[in-house]
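My structure is below; once you've seen it, I'll send some questions.
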Amino acid sequence: MNKIKFTFVGGDLRLGAAHEYIKSLGYMSDTFLSEKAESVSKKDKCVIFPLSDVYVLPLPVTNDKININAPLSDLSLSFKDFFTMLPDNVIVFGGMIPDEIKALAKEYSVTMLDYYSSEELQIKNSVPTAEGAIEIALREMPVTLYKTKSLIIGSGRITKATAPLLSAFKSLVTIASRNPDSLLWNEIFGFNTINTSNISESVGDYDLIINTAPEKILTGNILSRLKKDCLVIDLASRPGGVDMDSASRLGVRVIWALGLPGKCAPVSAGHIIGSTVLNMLNSI
Amino acid sequence: MNKIKFTFVGGDLRLGAAHEYIKSLGYMSDTFLSEKAESVSKKDKCVIFPLSDVYVLPLPVTNDKININAPLSDLSLSFKDFFTMLPDNVIVFGGMIPDEIKALAKEYSVTMLDYYSSEELQIKNSVPTAEGAIEIALREMPVTLYKTKSLIIGSGRITKATAPLLSAFKSLVTIASRNPDSLLWNEIFGFNTINTSNISESVGDYDLIINTAPEKILTGNILSRLKKDCLVIDLASRPGGVDMDSASRLGVRVIWALGLPGKCAPVSAGHIIGSTVLNMLNSI
Amino acid sequence: MNKIKFTFVGGDLRLGAAHEYIKSLGYMSDTFLSEKAESVSKKDKCVIFPLSDVYVLPLPVTNDKININAPLSDLSLSFKDFFTMLPDNVIVFGGMIPDEIKALAKEYSVTMLDYYSSEELQIKNSVPTAEGAIEIALREMPVTLYKTKSLIIGSGRITKATAPLLSAFKSLVTIASRNPDSLLWNEIFGFNTINTSNISESVGDYDLIINTAPEKILTGNILSRLKKDCLVIDLASRPGGVDMDSASRLGVRVIWALGLPGKCAPVSAGHIIGSTVLNMLNSI
Amino acid sequence: MNKIKFTFVGGDLRLGAAHEYIKSLGYMSDTFLSEKAESVSKKDKCVIFPLSDVYVLPLPVTNDKININAPLSDLSLSFKDFFTMLPDNVIVFGGMIPDEIKALAKEYSVTMLDYYSSEELQIKNSVPTAEGAIEIALREMPVTLYKTKSLIIGSGRITKATAPLLSAFKSLVTIASRNPDSLLWNEIFGFNTINTSNISESVGDYDLIINTAPEKILTGNILSRLKKDCLVIDLASRPGGVDMDSASRLGVRVIWALGLPGKCAPVSAGHIIGSTVLNMLNSI
């Protein structure tokens, strides 16, 4: 299997780190369309489109549904041209592949897999996301996390990674969920728990609220009850969990933090992409 | 005792927060010489030097050994003028009072106490210092703290507050100390330990080194053995624990972080000053 | 709802504790067929079969599939007689109800629910089970848990409750599972992990092995590789996870511990039964 | 240094384990006066008094101030005879050596050192003591430690080792101390704290009280305020911290647990004796 060759196309620091990770495991690997990536050695940067067995595209794979996302290149490459140039029998990986691109791959008979939809990547990404959320809280709050009261909304992967960290800072953590089993477990793990439906009762107690639920829970009504100076960190993907108009009107400080792994720990995020791709290959 | 009146003179956000804290406990309190402090309400800002029982000066109390440290004022007040204006039988608190100012206070028969030298403040400040160190590590490292190897040099107050936090992030923490009892305890608490004398053997293993010891331990020789990309955070007060010339020559990234409580959690730092002053008053 | 009346029939310390718990919440409650229960006050012990809305039977509800399990009584009551005496429209709860008894209840048109099959009870019982396992390990091992190496087989409820406890004693915990997502999460939580299929490689490293998986994993072959003096605690229900013949032949010390909640923390186990019954009633 | 020869004289399981530990490090070692020690191989049991460089006596070294404490022997050996038989220039270690024996050693010009008075042994013993205390609590309480309220009196070594364990079981831990710095630290570590002088106010809140202070704090007055069913574990050495007459009169359940390392983890306790003796030798 170590005879497989990889090419990383486009992307940011993460894809460079993924390339380095794959190389460190003994695979052949090079990069294309990221000539300004400082962390990648010059000899690994291809000028001419390289032949490979596996092509790994960035996360997200595209911003405009036409070209490959390549912020570290002055050039651009459309998926059409990319698919045309590919040798036979290759596997192409990408993150958050839009339906249009999936359809195009099918048209060109290219096998294209989305590593972002893998549970492995989602679980592993919860760690840099949690660390990024803590970094934001430490940076933005004029008080120590020690002895604050904090609320985490949702009881999914990010909460599982974030709650123990907040608790280690001796923040008194409450977890809001609608899942009764999650509530029981979080109580056993030592957190306070509350049913999300009852959130309005106690929402004024917290110094920090971290939302992880992809649901508009922090409505104007809820936001109007927040403690003065409460910081809200929204980790939910679009459209987010906070009514931003109300927040702005009420003067609630909200930090909507998306893509924390890539922003706060790009090298780790790259390793996660690399190891996920490898495990996906192994289980084909 | 609630009849005691406090005046906070000069200082930054911290002294404003200390003032608010004292007021929240039911004491009379106002401020002088910090007219630009946004967190203090206008009616608490005195224009004319206010009579009080207790005057609390900032940390550090002065930068030039002549005037009171007052970064949030366009005016300046010398200690001579301050001592001259004071009513009889007051108590003056300050932080890091130089010998010259202590002598001057004596000359004017003013009782002047240093809250910075109190063990209470030093212990309490270890929390915002630890949180600040974690914030720096999270911000500066392109990898997650998760699964890093970290070394904390010294086994004093800051280490006691910092090591459990790093460990909660699942960093593999080693503590270097010369104190055999500290080494035993830190082993019991689940940390790896090493005698500081043997630090050179393993110093190349770490992704993060936090120095808390007021001793030049990170010499050029030691620094030359560090792992590429190792981040060094120096929390030791002047002259610091890192040979900065060697670090610069070797390309080692060092962040010398002083006064973290005031920078990272000014409101908590102010509360700590306020509560320390109160406890010092109670034990007079 | 507080007008509902409960009767607890038969059972051991747990059912007495469940009765006290229900009473403490303001419900009417009495007991029948446990006249020797010391923890129950005399006035709550009925001589004549009491009329109620809800009858709570023990865990297990029967040992012989004929009579109600009543170790604290010198009398005996068959399910037939019990069902005959019941008023109309009552609800009967029991734990581990055999199919024969379920069928009999149906015959008598009695609504009979099994609290043991509720996820709530199973989750909550993981706490006394974990504490019981730690108690056994502390009692049976001539060494401290501190600095031991321990293996927990399985990654279900009991493991979730037990692993953090062992880890708090600074035992180096490894979790064996076949579920890749569980392995990822347990790694994030700071445990070592191993795929159960590869258990034979490292099984000789451990001082303590706790099995929670209802599967014959600890075969003669595996047991023959154990470290001398390794203690095995088997928490798996019948038929258990250990080849007991091989263990006996090889001189491996195995403690097969079933029903730990009732044995190690009967009062808590009773509260868990009481609260589960209440929540099941509320969701009817 | 590996040429040093050790003889372990008398004692229980611990001294046998200490002998095995010393042997495992490559030293020559044998035993005398513990012929019934099952854990020691027959060939290491001397029939005739063996010549050695270092003699290690048990903890406590004697019960009657005349003979060496030797519960695993049918024979007895007085210190007088022992000192008479010793070669020149040996070092004798013992635990809790009474003044009379120290004086006798001096008379015979024998160098005799007490390992029990070493800070190393005291620190290390806090781990098996803490584990033993948890074992007692788990065994004696009919409820889970989870969600109990517990009080630890004193803030010394045993508390440092015990409090984190109790906390891991999600017991809500309060630490009582008279030392203001200890109170501050324990607050930072996440425990509730109370000044021992104010203990009577809240002492009725706890399900478990562990006393570590060598002071009669749990007087009749205090005991009369305890919650029904509160378990008291007294770890303080003679005369203990509990007024036992009052406890008995009031029906308070007190377990006075002395010598827990030897009782609950004799092998670890033996290793601790062995390693302490070695470190004391190294620092002579």
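In order of appearance the chains are A, B, C and D, and numbering begins at 1 in each one.
Everything below uses one rule, namely that a contact is a pair of C-beta atoms (placed from the backbone, for glycine too) under 8 Å apart; a residue touches a chain by one contact, two chains touch by 3 or more.
Fair warning: this is a prediction, and the values are worked out from it, not measured in the lab.
Peer 1: If you tally the C-beta contacts, which comes out ahead, A-D or B-D?
Peer 2: B-D
Peer 1: Report the chain whose CA-based centre is farthest from the CA-based centre of chain C.
Peer 2: The chain farthest from chain C, judged by C-alpha centres, is B.
Peer 1: When the C-alpha atoms of chain C and chain D are each averaged to a single point, how far apart are the two points in Å?
Peer 2: Roughly 35 Å, centre to centre.
Peer 1: What is the distance, in whole Å, between the centres of chain A and chain D, each centre taken as the mean of its C-alpha atoms?
Peer 2: 52
Peer 1: Centre to centre, by mean C-alpha position, how many angstrom separate chain B and chain D?
Peer 2: 40
Peer 1: So which bits of chain B are touching at least two other chains?
Peer 2: 127, 146, 164, 188
Peer 1: With touch defined as at the start, can you tell me which chain B residues reach chain D in the complex?
Peer 2: It is residues 119-120, 123-124, 126-127, 160-161, 164, 180-181, 184-185, 188-189 of chain B that touch chain D.
Peer 1: What part of chain A is in contact with chain D in the complex they form?
Peer 2: It is residues 146, 170, 188, 190 of chain A that touch chain D.
Peer 1: Provide the residue numbers of chain B that touch chain A in the complex, in ascending order.
Peer 2: By the definition above, chain B touches chain A via 13, 17, 127-128, 131-132, 134-135, 138-139, 141-146, 164-165, 167-169, 264-268.
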